[in-house]
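What follows is chain A paired twice: with chain B in the first complex and chain C in the second.
Entry: the complex of A and B
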């Protein structure tokens, strides 16, 4: 019986099956209709395949697969400032995310600590955090471009400002939620404030802080695509925009796939880190 | 940024007539190719020194005949550092900055700016130019104002709007050259193929590239002439040109007035047809411009002059029909327009599919003429005024003269061995109605449909 096989194997087989059904349905749906009405050959020469052969505007899975292999073969080519390989574009995006996210970590964790330790600060800063948290990255962009006057820094700023809030809120929440007994024990043992922060509160709040960091990296990766579509130049978001200009849906699908894969890897990385600091109670 | 009155920010650069150089001589000198320059400068400096030693031409001639020109030169060189002086003089023509960034929007209007890179027009002027593709007009504007770009491809009306502070802080900008003439089209979705009369277009959602564009003014003009109020009867949306076809396919808009490569792409993909070319509204209208801030022109006059020469030569090359196929291939790759070569060829050669099954031939579909006639700017301002973008009175001729550098362009064209037109202004006809650039107010008042 199937129940004898381990769960992960069964899940893997099911995943493959779902993918196969999806790919087949996709292939059938994009096979293209009958050729359009007969055209003057001179006219037909000037028209695209969609118009002349009734080819679907949506590429099929085979087309996407072939193109993907082509991209993976030459991931680092450089044909000038507006045409670089996918590997180069992804590297640009990840560098931007690293910069913006790193800054956000540097600000959010100390500030979150402060807020978490002081109920007064917590209450006082709450309205600001609540208002800034839901603002879309794209809403920040014109303001950033106008004040910072540099599109590269603006993109980094937008990542910073968008990934700041979940970390801030989670750090504050984790710090304020440290069990009273532990703090009391520390007080009884006359532990100094710095030692208390680093040896009692930080380890206790670490799992919550990492949850915040994990949410934030997801947001940062979402934001970078949007920001790069807007400011252009380099990055995977620019690649999507450039291919959209050319109505190359094949390349857009490939970009979506890669954005997903990289996003998953980043998320897994932080999930691992979070597991490392989790403790049983 | 201090607030300035519209007329305030303009300052003329002192020096030569083109405003870019310290002296008239520097201005004339840089027109020669690099190899000739050194010799020319050498001779000029020698002669200048000689003149200083013997101010009287008769004495000078006697001196030259007596000892011979080269002996005299070496004799002078013994006590006057001729070589150093020559070099210092040559430097006046050298670009202060050779690594430049020029922004562009991926449309066929930018052809001269783009092709100058792969076809070597910038290199010929000793410049290393990166042409950078940009996502939209607002971003091009901001990046140029922020000095991330040294110069940029802009819609011809944008430098006027930026200089006047419409939709941004007023910063003095200039149009040293126009890019293309004609080359736009009104494209409609296939489902409207029987609605060829604009009177049937009530309720349409039509896209234009930007509020401050010839596209906006031409489409408004065309609609108004047909009794459709562009503000109330239809919805005009600002959509970056590259996104228009995707929007047309998604049935998000009913049509657009956009650059020809976008129009032709809609036809190529079978999502739209070409209703009319913009030249049927105004044959010979300007569209996009090569623009730079006054600050760039003043701070790096030689880089600016070299850049302008490259653009003028590229524009001249593009204006010749026999070069068009080669240009289409040069600008099609992903680094530039990122479009199928067939589409660009149809735009540039003027033999194109209209989307309704016919092949049309019109070699003047798009042409390239760099001359920034001041009357172009005046016409755009009359339309800005007509549709309420400019409130109050404006000195049409004065502003036009400050932004559209017709005199400079004439000078630069002459230097590049091209023939500029005799006058800096010309009158023209838009949809059968003559425009007299000397009477802009009367022109605005002559329209029944206008704002304010």
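Entry: the complex of A and C
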């Protein structure tokens, strides 16, 4: 093809086009239709515009856009427990994820090292990992609430437990898969076990470990929304549930959008870190 | 041989098989190597020559027998022996200099960083890689990577260099250049060197002694061939030396036929503990 424009430009134009078609279809589908049958004005007042003017309960793209701009103008206001800025809610969620995920890193990487280095530990711990790994992290919630007796800490625990497995499994896999010739280099150079762990095994396994960390952050961000819907109080998950109770579909859509954006940023952050420790061979 | 700098005494190595009956790669294998010797070991794939090298390196343990180096028994890998691996085995996240410096820092842990880097740089310069020291292995050609491997091995000033088919993955031109380099360095430093190869010309050009191993399993050292070619060898001249073809024919005869038939056709008085030493030469009256 003799197309002059580079691929990324063409793809960008196409993306905009797809978005425009989607927004237009959305707008057409949600704009007010012909008025319904005449009814008693008192009754009509109770029913609201949805019933009387044929307007859809689903907000259109313009309403959502206007509301989004309003939110972005004041992201950090705090008007009491049920009315906080989206920035505040996202910050609560990210703090919980950071705490649970950070704890998981501290446990999973050393434990993964142990499992990866010792075939005995690998075999001994394998049944536990295999059984615990597929459990939905939310299934832990009642147990956490009962034992920890604090909803905020329980949410952090749920994030911890869901971030743990991918990191643990990947660290163990990366450590046990370090090329034998690199270990032999360390052996012929009489490198001690600690120095070998930090100068040979860790750099060799780092790309695999970071892949696990990237999977974990994705899962943690998925789970935090559900966990906060359960425990309530603060956070973007609570915000979504609260706005559903308020029947503000506009705010729910905005929250979905922002959850996606933050998730993408977290993923990109870990992808960048993974690239930094990946070595070409 | 009177000088038993390296002494392999009756080693055996067996590997378990699926049928349960372990297969004996070799047994009762003995060999001694003098200080400063350049020894090549030649044999077909599977004869266990790599296993012998791994035992010398301490990376593999014999099922029987002992290995002594400079009077000390070998049971584990150590810094007195440097291994140059067939696949270069450089750490890909370190630069060329970093790879060599890692070895230097392992050999002399108390050295300061500047001194470590200076020694590493000297080793890099010695193998002709000046200017490429900050490159990572992925940015280097196959020959340059193997040079870094050689620099890493030399940098720790080992008693013995162990090389496992170090040039087999390289193209002919690069291989020739590196052979010249290794020969020069060994002659300059008096380095003892034990090298595995399956390349007859490489063995003839480099070695003082060529150890011939029969096919495995149950491989034996058939004989030790003393290289009759003069110490001053020029790649473009040695093939005109009168002893060149007698030596080459002897080696090729061994690889083609005797490596298989030796077991059933042992020369009279063959002793595993003291394989015969031969020196193939042109048939001249001066031969005693």
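Here, the second predicted complex is superposed on the first by the 277 of 281 C-alpha atoms of A that agree within 3 Å, B and C clash if a C-alpha of one lies under 4 Å from a C-alpha of the other, contacts with A are read in each partner's own complex, and residues count from 1 in each chain.
The rule is short, and it goes like this: a contact is a pair of C-beta atoms (placed from the backbone, for glycine too) under 8 Å apart; a residue touches a chain by one contact, two chains touch by 3 or more.
Since we're looking at a predicted model, the values are computed, not measured.
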Put chain B and chain C onto chain A via the superposition and say whether they clash or fit. fit
In the superposed model, which partner reaches more residues of chain A, chain B or chain C? B
Touch check for A:190: first (chain B), second (chain C), both, or neither? second
Taking the superposition on A as described, I'd like to know which of chain B and chain C A:279 touches: first, second, both or neither. second
Contacts for A:146 in the overlay, against chain B (first) and chain C (second): which applies, first, second, both or neither? first
For A:182, select first, second, both or neither according to whether it touches chain B, chain C, the two together, or no partner. second
Mind working out whether A:232 is in touch with chain B, chain C, both or neither, as first, second, both or neither? first
Let me test your reading of the model: by the given contact rule, A:200 touches which partner, first (chain B), second (chain C), both or neither? second
Nearest CA pair across chain B and chain C in the overlay: distance in Å? 51
Doubly contacted chain A residues - partners chain C and chain B: none
Chain C residues touching chain A in their complex are 57-59, 76-79, 81-83, 85, 87, 89, 91-93, 102-103, 106-107, 136-138, 156
For chain A, which residues count as touching chain C in their complex? 181-182, 184-185, 187-191, 199-200, 203-204, 277, 279-281
Help me check something: in the complex, which residues belonging to chain A touch chain B? 36, 39-40, 42-43, 45-48, 50-51, 57, 79-83, 142, 145-146, 149-151, 229-233, 238, 241-247
Touching chain A in the complex: which residues of chain B? 106, 117, 130-136, 138-139, 142-143, 145-148, 242-243, 245-246, 249, 265, 267-270, 333-336, 338-340, 342, 346, 351-353, 357-359
